[in-house]
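Two complexes are shown next, each including chain A; its partner changes from chain B in the first to chain C in the second.
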Partner chain A sequence: MDSDLFTYQPASPLQASRQGALAGTQILVQPDLSVKDWLTDAGSRALAGFHAVMDATTVARAKTAGACLTGSTHMAELGLGINGNTMAGALSAGYGRVGLVTDLLGEARMSACLAGWYGFKPSYGLVSRFGLVGLVPSMECTGFIAPNPAEIAAALEAVAGPDENDFSMPAASPQPIGPVAASENGANRIGMPRQIREYLPASAIEAVDAALGRMAQAEFDAGFDIQETDLPGFDLFSAAHQVIASVEASSSCGKYDGVRYGCRAEDGRDWNEMYINSRSQAFGTQIKSFLFQGAYFQFENYTDFENACILRRKLVSRLDDLFEATPLLALPVRLPHAEPERAETIEETYTAFGLTLPANLAGLPALCIPAVARDGETDLGLQLIGPRLSDAQVLTAGQRIYTRIQGDGNK
Partner chain B sequence: MDMTFHDRSMCGHMGASHVGRQVVLAGWVDALRDHGEVLFIHLRDQSGIVQVVFSPECTEKSVCEQAGQLRNEFCVRITGRVVDRTPGTENPHIVTGDVEVNASDLTILSQSETPPFTISEKSMLAGAPVRQDQAVAEDLRLQYRYLDLRRPSMQRQLFKRHAIIRAIRNFLDEQGFIEVETPMLTRSTPEGARDYIVPSRHHPRSFYALPQSPQLFKQLLMVGGVERYYQIVRCFRDEDLRPNRQPEFTQLDLEAAFIDEEFVYRVFEELVARMFAVGGIDLPRPFVRMTWTDAMNTAGSDRPDLRFGMTFVDATDIFTDTNYAIFRQIMERGGCIKGINVKGQSGNLSKNILQNEYAKEIVPGFGARGMTWMRVADAGLESNIVQFFSETEQKRILERFGAETGDVILMIADASWHLVCTALGQLRLHLARRLELIPEGVYKPLWITNFPLFEATDTGVTSSHHPFTMPDQTDFDPTDTDALLDLKSRAYDLVINGEETGGGSIRINDRRLQDKIFQALDLTEEDVAEKFGFFLQALEYGAPPHGGMALGLDRITAMILSAPSIREVIAFPKNRSAFCPLTQAPAPVSREQLAELELLDIKDDAPLPGAGRQKDPVASLSWVSRIGIEDAEREEIRTAVAQAKTLAERVNREASQNTGESAEPLFSVLPASNRFRPGTTARISELSENKRLLENAPAVKGGYFKVASVLGQ
Partner chain C sequence: MNPDTNKYEAIIGLEIHVQLNAATKLFCDCPNQPGDAPNRNTCPVCLWLPGAIPRLSGEAVEKAVLGCLAANCTIAEESAFDQKVYYYPDLPKGFQLSQHHKPLAVNGWIDIIGENGEARRLGIHHIHMEEDVARLVHETEGRTPISLVDFNRAGAPLIEIVTEPDMRSPYEAMEFLKSLRTRLRYTGCTECSMEQGTMRADANISLRPAGTEALNTKVEVKNMNSIHHVGDAIAYEILRQAECLERKEPVTLHTRLWDPDKRITTPMREKFAGPCVPDPSVPAIRMDAEWLEKIRQQLPEMPAQKAERFMADYGLAPNEAHAMSQERDMAEFFEAAVKQVATPHKAATWITGHVTPALKERGQSLSDTCLTPEHFAALLSLIDQERVNAGAAREVLLQMLESEAPPEEIVAKGGYQQISDSDRLEAIVDGILADHPDDVAAYQNGNSKVLGFFMGLAMKASQGKANPRRLKEILSKRLDSN
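Then we have the complex of A and B:
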């Protein structure tokens, strides 16, 4: 086992079926997604030594579709951010064709961007979270990394859809995917919020404008109509996300009691001490800080949490209005100066994911397109974001761009 | 002819003498048995249960149809004729089982929803088993206490409790005691627990306290010339939670003037005997008397359980010159060695149990460093350390403990006499319970006397009971701590089967002696005046010698009725968390109420002890979220919490801005549409059945997750 990259690597790849839509596709997961008998510690001592007792729904469905599971790669503790995340490296090293990365701040898109691959966060509620360790239930979603949108669509198609074990999913959700055709064409309007410009240095704005310009140009032949749009209070997404996510994390981490799984502190004369000491050892400092922030809102200022949810509604409805005019929204994935893979505090992590987390707060599908928006050496990545459940349209648009880029390169 | 309640008969009284008579009954439907044409019901009232029959033969069709609507716990009035049951259909489970009532008329007085748990306790069929108490969650019972009280077993508890209290009143009335009520709204008394406090609207920011006991008032009654007082009184103590403790409880409180200990013993032995007689229990008399020192020396407790043996044997002198290093060190430090003989139990106490369970785990939990164990075999003593004992020592152990083959001798040695006694006392109880040596239905009351008057503290002494207890001698030096600790008090406790059921003392009635006690307690005159100046003043006006006692009625009633907890003998108790599931008390009050009491924004200049630490937001968050913090990460976490506050200010500002948008919080972009899935039924997870859920647990014992105990040692 390459322990620099892997938390768990089976002796031979796990393949349950040789037939199906994903027949033979090598898939990498992270150890927050249950694969029966695999070490599933979500990168945390809170689950030290935990071996999953059953498959997550996504895993079971991928196996049924013929996929071949090659291992689980290291991840940031409980999936917050990508510090320590080795998915990009394992994909680049050829260990898998598709990577599944839980996306609660933008982790899947960011990992894809770093690997130069396509990364996708589906609409909230489209993919079952049953068997996912999870941290922020109302935001997180299994994301996909693959060399092109068509392969993402195929994997999504195989695992998406209602799951009676996931109580947060509607009993019947639409099946919007279907094969993403490269040939599909049509004029799409893409909007870019002007407020982003306050966020980015001049060189980054140039890079994004250039990328969007290419898409609009006839010579690029993608036929997109680029417009500047208005999204007031763009910086509030991060604040609302952090308040809500920290509360949800504080709440969902209550289960790490050191009784049913995870680490148990040796000392502790009574129940309370057992909890306090075990949980002191269970969490790393960054997650612990996050949980304390959540506990502060949860126990001492619950109205802050409610206000953040009010803000969430306002922001979601602003996005809805925006999609009336332009069915797709474009944003870079990363800030040129931020280093998400090295972020060590909550503040650094939230700063690094400031451009990806709006899609999580609003539950929207978002695709990271690599290698079109370069600021010098840095690939900023370009996100295409659509209304909820427009996953197929977003991936189709992405596949068109992918095809043009490939064609471009072949010229 | 329409009968009314004036002619009502009681269900439980129906019998052969009623046969042929027309009766009116009223009560609740306890159970139903529908045989198509014929409907049987058990009708229950306070007196008992009788079977009522609705059949086409003796009941009009319209009444039969109406009876078809009956469900459990409907409240009904029934007119009918009492008849003998057909031979062979008698029901031995109910007193009235030889007769039944053929209904001729039925009035549904009140319908009932389906009760949340079964109330009926009597089977309708002769052969069927009598229904046992189902395992109904206690909080559910307490939430629907009015239904729980309908159960015959609960009715019995309340009746018996009433009978016990009536026996008390009758006896004390015979003895010339009068019942006097003392205030519920009073000020803090020095009982030592926390007070429940009640804010005053007329005296803003001043508080009454609910009484922990009527201690000072009953002494004032003595000064007031009420020579024989008693009261069945509610007391309130805000103590830490214990499974069998209630924040409010009932006491028999008694005080008399011109009496001594013998008077108290005489009155209470007769009184307690009469109380137990209500439960059909004959207490052995006279009650044994034991000094506190003897109790500690023989059973290691100030409330010894004398229903079984295993009293202590002192072995200190055997080891005066021992070569066994551990004992020798203890002897050099002036320690003592005591032991018990567990007669004939070596078959149940293997080496493994003695060494790995008792010596390594259980006894250290009692505070002792270790335990020495020896099994008595034909060839002599068997133990892991017996080779360190000389032959003389071994022989003297066998003699001293009266050891025979099959016995197990356990010894605890320590430099502290007190520790040896208490640890060995807990071990004695532990073994008695484990080996089932405690006989059922046996009651051993005893008086414990001659308690130490004071206990040592870090800085001096504190009262063992309360500062008004009379010492056994009055010519002591209040500044000599060692002499103070040797003083005994004229206090007494009544202990039954290892439970303290009551206690009291002869009180100080001399102001000068009382001052000496305060001096010994190192209380300043200001402290004393502030706390009980009003009481001390009363002592200056010819206070008579007096004394008294209080008895815990809830506990003693539970004991008499063999109830598993005191909540079973209280009509509306709080649960184990001092919460009332029925009324949901305690509950928040409105800001208006607090404003009226001027309790909003109370600010006091004097900082509370430990307030500085409490104010550290990170420390309180660490407690509520049960996450400990390492020193190295404290600063980062503080920064994060401070950042969270800044963030919240921004969020609150934006959320409260009226932007014409909806201000309804959005908790999830997806409405929770199907939490409840119709058509699915609860099932036991396969992972639970095949125990796979236990595989990832850090500690498992006997098929369960193993955790630390809820309360610390």
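Then we have the complex of A and C:
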């Protein structure tokens, strides 16, 4: 096993079927997604030694579709950020064709952007969370990294859809993803919120404008109509996300007591001290401060949590209004000077993911397109974000752009 | 010190946990059988292993709604689960799923008859659903105390009924519980037994000077495992708080435990007040009007209405009607028997006097026995027709609990027929009188009590089968003519 890259690597790749939509597709997962009997520690000492007792729904469905599971790669503790993630490296090294990365702040899109791959966060509720060792249940979902949108769509199609083990998914079956065609005429208007300009230095704005300009022009022949739109209060997405996510994380982590699995402190005079000592030894600094923050809102300042929930609903409805006029939004994935792969504190992490987390807060599908918006040496990545459950349109638009970049889909 | 409790008015509210008898737990398919061998009924969901997601049971929601309707509540159009955050070994995920912000039902009531005989309507603030926690078993291993955790109960479906602070005496609290229990049992959603732990009641008690309106600091009392204990614990707590007030000691918000042996309450801890945050994984329950109407149709006639109807339709006295309506199975048995020509009053008397005590002694319910309303009515007819006397009928009834044979057959086989034949009765009477000349003399000297003595002897001589009316006639005639 290449322990620099892998948390778990089976002796031989796991393949349940040789037939199906994903026949032979090599898939990498992270150790927060349950694969029966695989070490599933979610990158945390709190789950040290925990082996999954069942397959996650996504894993079971991928296996049924013929996919071949090649291993699980290292991840940031409990999936918050990408510091320590090795998914992109393992994909680039050829260990897999598709990577499944839990996206709660933008982790799948950001990893993809840094490695020059396509990354996608589906609509909330489209992919089952059953078997996902979650941290922020209302924001996170399994994301996809692949060389192009069509392969993401194929993987999504195979694993998406209602699951009797996850009642939080919408009861009405969302429209099927279907094969993503390069020539299909989909949404034509793309809007970029003008408020984004406040976040970006001039060179980055230039890069993004150039990328959008090229999309509108003959070079891509994609015929997109680029408009500037208005999304006031953009900075509130981060605040609302942080308050709500920290509260959910605090609850989600309540079960890590070191009793049945995970790191257990040897000292402690009673069960309570044993809990406290185990938890203080198990969690890393960033998660600890996140949990403290969540507990603060739970125990000391519930009103602010309620306000954050109200704010979240307002922001979601503001986005809904925006989509009435403009079916797709475009945003860069990253800020040019942020270093998400090295972020160590909550502040650094939230700053680095400031442009991706709105899609998590609002449960929207978001695709990262690499190599179209470069600010000097930095690939800023371009996100296409659509209304909830418009995953097929987003991926179709992405595939049109991909096809133009590649020159009529030769690859 | 013996304070004058009349100076104070007691303000009492109850929080009642009722275990629903749904087949599965609230959020998984594990059997809802907490009493099975420890940790047999568990799965990744109720053990809260990483990756598990709760799946709300439709049956539990249905039974909870039935319970709420029986308590006259309004069902909320939307209710939702929250996480009640606290850390304890009986709750290994660190929060209990409960409905705090959006309970299933609100604004109910239970009617009782108060101590002075007047009707009282006691309010229910709300009823919410929640999951039970694991059971802790404290043992010792050698000299080391150890605590074991049994997850069979973890995730069992509960409703919690939170009353308004409307009760003013232990009596009212007990009447509330009795009526609530009867109504809930009627719906079939719960066994509702405090003794077996499927109903648990905590009481919140505060005092205020009589005639004032303020609500003072309350004390919560737990650990009562019968309705009588609830009354006793409240009575004790009223006395204790009155003593505190007389001594000018402040009453502090806390929880006390009822000690049934010492019959006192002792302080346990500060009253729990942890945070409750909306759970992101369990979807909100949105009531469909049509579905709710279907559930409402399932609601049986409630005991109070039944009692009134029994008085109107069958001419039962109030106490008889009350007794006949307390348990749904017995009420339905009574009514079915009456429809089979049994006289209502006689049926009620026999049920109260003989059927219920026999079941109680055997620890059985009606459905555990072979007794049918048809056979029961037939037995009462045999008595009316003087084919069997009351004493023998009691014997026959006991056999009917275990036999599917009709009473006529049991009477014939067991030789329980009543002896009304004058010749045989006269022979018995003559024999007894001949054996007791002194007592005959005493009767004739005016000691009428001797008649009862002779009746007893004669009945015994007939092996209990003599027609008592005929026997007494013959005995009196013989004694008076001697």
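Going forward, the second predicted complex is superposed on the first by the 401 of 411 C-alpha atoms of A that agree within 3 Å, B and C clash if a C-alpha of one lies under 4 Å from a C-alpha of the other, contacts with A are read in each partner's own complex, and residues count from 1 in each chain.
The working rule: contacts are C-beta pairs under 8 Å (C-beta built on N, C-alpha and C of every residue); 3 or more make two chains touch, one makes a residue touch a chain.
Just so it is clear, the model here is predicted, and its values are computed rather than measured.
Once the two complexes are laid over each other on the shared chain, residue contacts for A:F299 go to chain B and to chain C alike.
In the superposed pair of complexes, A:A42 makes contact with chain C only, with no contact to chain B.
In the superposition on chain A, contact of A:S138 is made with both chain B and chain C.
Once the two complexes are overlaid on the shared chain, A:A56 sits against chain C while remaining clear of chain B.
Among chain B and chain C, the chain that touches a larger number of residues in chain A is B.
In the superposition on chain A, A:N277 contacts chain B only, with no contact to chain C. In the superposed pair of complexes, A:G233 makes contact with chain B only, with no contact to chain C.
Once the two complexes are laid over each other on the shared chain, residue contacts for A:R129 go to chain C alone; chain B is not touched. Judged by the touch definition given at the top, the superposed model places A:A115 against neither chain B nor chain C. Judged by the touch definition given at the top, the superposed model places A:K255 against chain C, while chain B stays out of reach. Once the two complexes are overlaid on chain A, the chain A residues touched by chain B in the first and by chain C in the second are 50, 53-54, 137-138, 164, 167-168, 250, 259-260, 271-272, 275, 299, 309.
If you check the complex, the residues on chain C that touch chain A are 44, 47-56, 83, 85, 87, 89, 92-95, 147, 274-275, 277-283. Listed in rising order, the residues of chain A touching chain B in the complex are 49-51, 53-54, 124-125, 137-138, 164, 167-171, 233, 236, 239-240, 242-243, 246, 250, 258-264, 268-277, 279-281, 283, 285, 288-293, 295-297, 299-301, 303-304, 306-314, 316-318, 345-347, 362-363, 388. Across the interface of their complex, chain A is touched by residues 617-618, 620-630, 632-633, 636-637, 639-641, 643-645, 647-648, 650-652, 654-656, 659, 661-670, 672-675, 677, 680, 687, 692-693, 695-699, 705, 707-713 of chain B.
Across the interface of their complex, chain C is touched by residues 34, 40, 42, 47, 50, 52-54, 56, 129-134, 137-138, 164-168, 247-248, 250-251, 253-255, 257, 259-260, 271-272, 275, 298-299, 302, 305, 309 of chain A.
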